[in-house]
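See the structures that follow.
Next, two complexes with subunit A in common: one pairs it with subunit B, the other with subunit C.
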Partner chain A sequence: MIEQEHLIDLQHISKDYDGVTVLDDINLYIRKKEFVTLLGPSGCGKTTTLRIIAGFETPSSGKLLFEGKDILDIPPYKRRVNTVFQKYALFPHLNVFDNIAFGLKLKKMPKDEIKRRVQSMLELVNLTGYEKRHVDALSGGQQQRIAIARSLVNEPEVLLLDEPLGALDLKLRKEMQLELKSMQQRLGITFLYVTHDQEEALTMSDTIVVMRDGHILQIGDPKHIYDEPANAFVADFIGESNIFRGTMVRDELVAFAGREFPCVDFGFGENVPVDVVVRPEDITVVGEDVGQLVGTIRSVLFKGVHYEMIIDCGEYTFKVHSTTMQPQGSRVGLSIVPFNIHIMRPMDTPKREAADDAV
Partner chain B sequence: MRYNVSLPWWAYAVMGLGLAVFIGLVGLSIRRNHGIKRSLFSAPYTMWMILFTILPCILIAYYAFTDTAGNFTLDNFRTFWDSNSEMKKLVGEEYAASIPRGTVNVDTLVYSLWMAFLCTVISLLLGYPAALFMADRQMKLGASIVVLFVIPMWMNFLLRTIAWMSLLEDNGLINMMLNAMGFKSVRLMYNSGAVLLGMVYNYLPFMVFPIYTSLSKQNPSLHEAAADLGCSPMQTLTKVTMPLSLPGVISGITMVFMPSVTTFFIPRVLGGGNTMMFGDLIESKFLTEGNWNGGSALSLIMMLLILISLSILRKADPNGEGSGIV
Partner chain C sequence: MSKISRFFKRFYLGFILVFLYVPIIVLIVQSFNAGKSRAKWEGFSFHWYQELFKSVSIMNALQVTITVAVIAMIVSTILGTLAAIGIYSMKKRQQSIMMTLTNLPNTMPDIVTGISLMLLFIFTKVDRGYFTMLLAHITFDTPYVILSVMPKLKQMNKHTYEAALDLGATPGYALLHVLIPECRQGIVTGAMLAFTLSLDDFTISYFTTSPLVQNLSTLIYSATRRGIEPTLNALSALMFIALLVLLLIVNRRTKESD
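Right after this comes the complex of A and B.
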């Protein structure tokens, strides 16, 4: 029964470009009305995945099901999905009205119906009265909203968004994030969103798919991904992290950074190498005499809401976020509660090096 | 009718002065500009324009409105409308009745315009698909087609045209091949078709390259966006690719039509004299008849026609996105 609510199913999708594997056995389903984000660094295959669903790319192998039917042979113009392109791709020879009406005119919809729909779309994106404007005369944010309106007016089953906010400044981006999310909820359309911005992903998504090197590393809701990263790469990519190589001494005891810490994880076995992740905000700065570790503050940066302190404890370095500041050079103690120590199995050996580079 | 080709002494003085100013300003603009207005830097080019573009135009206008003695007259234009009156002078009044009424010059002009129009249309029809292939990123052949269009341009224009002769003439390559296959020879040259072929052959690159440039500048995601919104490949071509390439088409049309109207030499070689065009007419007025006044009048009419066609084209491309020549 669960199968029925899958709108899109990617089954064993792989893609090679001239012998280079871009996507390797991707399996993913997207439910109706879900906001799914493909998140990963550039070159991870997220845009390729989106383009396969849009029909601009053909996978080397695998199946793409839309409501249970394979649509790989259906050309893009017959698929019930619409795309919002990274650089908007508005038609420069048409004005705002004709850009939005483009898809409807192709469907030979009656003129007044087109007019009505374009009007209500412009209302939705807060650009009423812009019909006759030339698209080049609009700001980035306005062009963005026209691009979204141009796609949404066709009432697609799925809206594909390829880093649509990448070209906007920070403030506008945050506003648009909220707008997009509320639009998606109001209209009840499935969104598949591609971004490399983890904050964007956390803010908007129902489900985040973390990708790297053509693989899916983890699928889950934002909170789950943040709190329970599947491996060190995800932990590092989502938010900031202190990542160490450690050893699971036994259940609920892990050794890293030169000493043993009590933790809550178990079932790894005894004396097994593991990755240890501690979020900077989960480390408490305490007095020198009561800390589990003792270190010297190398640098202090003011980040707005909090201070970021880099603390050297012997050969190990910790990044700590705190709302209170300790002066540079002072000796402090660090304390981590067992619940905040995340233990994960090391990633496959060949990818290990890349993960270290990322850290 | 002897013409005094040499100019009066003051004309040489003006030119000499112009040249001096030109050289002086070039020298100045090379030095750092202390206390010199920036606009002065364009002076050499202004001077160049005056000397080699505006001055000749004025001279042509002067010749067109004067007779051999330098007196004001409109006769040169009158003979354009009724070119037979010239012939009357030649054969004498008593034979005038035997000369058919009509205006050879006007007929030639109409013929030239018609040929130029055909040449432009054919170039567009042949050139647009070629430009599409060249600009198609998925077509690996694109670059080699560009080379194919460029290579003939390494050869001299006259040579290229004469080369066609050896292909088309009665004992030419094509007829030889036809004979070898057992067909009879076909008359390929000495008609308007051959002239048109020569014109299209020579001017096609001027149609292809502006279109190619405007096509290859197009953002490929616009084509994807069109497909995404429901355009079949054909609809994408007509609704997005073609309208966006309009500036290129317009400058292509300009670059083919203008030289086509003034074509000369090609008709003489491939048309065998039966198909005189306006360019040939002007040329023969100047060089064969030595009639500078008549030739200038024809040139002026030609310039006027080109100006009119340019302003029509400019209307079609109000943003002036076509190349700078429009």
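Right after this comes the complex of A and C.
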């Protein structure tokens, strides 16, 4: 049965703070050994969701099932989950060894067993020999590794990570992303990761949950989320997008930016208002005479891998990524293949089942 | 003109220090004066120190002062630390209300605190004496402990307590093994401050005790009415040195914790 696979099940979870709704009817399940990322802008409720699972917050309504049993009444120190906090929250009065051994000592584990486990954890996070160091004397990256080791040493069923890489610089962050992912795969632990960084989410996750204003907007694997955003917000938040209001004229024909385009979507009905999303890399710059649209290049920026061109077509503006550059001010044609035009209804909140079916 | 201003520039601080400390130095010197006169030096002697330790009333008062200070320190440190942790975990608005209420007694003149406590004890028909003085000392010590523990809690990562729970610590274990060690410096500073303030207090003690139970400050006050015995010079000298040492330690600790 699929049900048995679910390690954590959030059912109709809502949370109010003094009358302000932070989470509104959240439904989500997490499978064993899955890397799930809650992604969204600050204030979307992703951290609150994590804290409810950890036991630091109680939802106003709803159920939280862990292996099928409701655990809302179980205090945080009895839940089989561990958290890696934002800014680490290490214990400054303890050294590295005692920080990592904190959870094991509480389990009354024999001393040599504790020592063995702490050693192997330090090995895992590449900090062998740091046992006696004071945690304040470590760099941000090292402190983060200790925080991860301190949680993982308890062999939790689920590791909850609350923007764990937020305080690190870009290069270190990228390294840690890969390390975390490989750790998760090696140890076979379920990770629930919270971030506002879409790239981080795309790099590491098996499943991404996009949230906004206490709602889940879309659930799916990274490729699905990127290629088939459920609505304009997701499209805009995950990667860069050109978003237009348009009208679905009939099946496989959509009108936006002042003309009609053939597309591959159907089933919206006729003359229905829709959001149209086109990724900047999906627009091809062609000759002025052969393009579907004609425009003037307003600006060109070199971005390393590609050029980013802003092109004005009458009152509409397109952002285009291309590896070849056209001079600023020149007239060009734009063309978009039907497959790359994404049509979406203005805002809806899908259940995960629906998203899974779509994969 | 500029000569005078230069002179003052150079010696201003010197003057202040002289005016502050000369009386105390005189007092200490006098405590070693063999004679009873305050005007004439009659040779160096420990006579008044011997008299001091022979005096039953002074020794009793010393005992009252020290036991009150120690008990008040212990109780107010426990109360203050727990209160600080409680206030810390309140919501912002409640927290600022509580902190204002905590600060208020410190800004109130001692005489107001003293009289109001006296009225309270009269109103509740509690006989004034050792116990009421102790209660009064705990009362005025506790806010100082809260004020020295609070900054330590605020400096802490706000998830530290949650991290302890997350790793399997019960709330009690987290309190004893994480929160309290984390703000130990603040707690020790608060305790020393409480001890010093208690040792130093006259006004509040005067209103909350009976004439039968006297601490050093109330004893000295009543003694001045009969004219000051040179034994009190010796006593004051000893108290000054004890408090000085304590204050130096407190100052050093606060400097370290900054």
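List of remarks:
Just so it is clear, the second predicted complex is superposed on the first by the 347 of 359 C-alpha atoms of A that agree within 3 Å, B and C clash if a C-alpha of one lies under 4 Å from a C-alpha of the other, contacts with A are read in each partner's own complex, and residues count from 1 in each chain.
Simple rule for what comes next: a residue touches a chain if its C-beta (ideal position, glycine included) is under 8 Å from a C-beta of that chain, and two chains touch if they have at least 3 such contacts.
For clarity, every value in this text was computed on a predicted model and none was experimentally measured.
Once the complexes are laid over each other on subunit A, subunit B and subunit C cannot both fit and instead clash.
By the touch criterion defined above, A:Lys303 reaches neither subunit B nor subunit C.
Once the two complexes are laid over each other on the shared chain, residue contacts for A:Arg150 go to subunit B and to subunit C alike.
Applying the stated contact rule after C-alpha superposition, one finds that A:Lys132 touches neither subunit B nor subunit C. Within the superposed three-chain model, A:Phe102 lies in touch with subunit B and with subunit C [touch as defined at top].
Once the two complexes are overlaid on the shared chain, A:Lys171 sits clear of subunit B and of subunit C alike. Taken together, the two structures place residues 54-56, 75-78, 81-83, 85-87, 89-93, 102-103, 106-107, 150-151, 154 of subunit A in contact with subunit B in one case and with subunit C in the other.
Residues of subunit A that touch subunit B in their complex: 54-56, 75-78, 81-83, 85-87, 89-93, 102-103, 106-107, 150-151, 154. Remark: subunit B residues 219, 221-222, 224-232, 235, 239-240, 243-244, 246 touch subunit A in the complex. Every residue of subunit A that touches subunit C in the complex is listed here, in rising order: 54-56, 75-78, 81-83, 85-93, 102-103, 106-107, 150-151, 154. Taken together, the subunit C residues at the contact with subunit A in this complex read 157, 159-160, 162-170, 173, 178, 181-182, 184.
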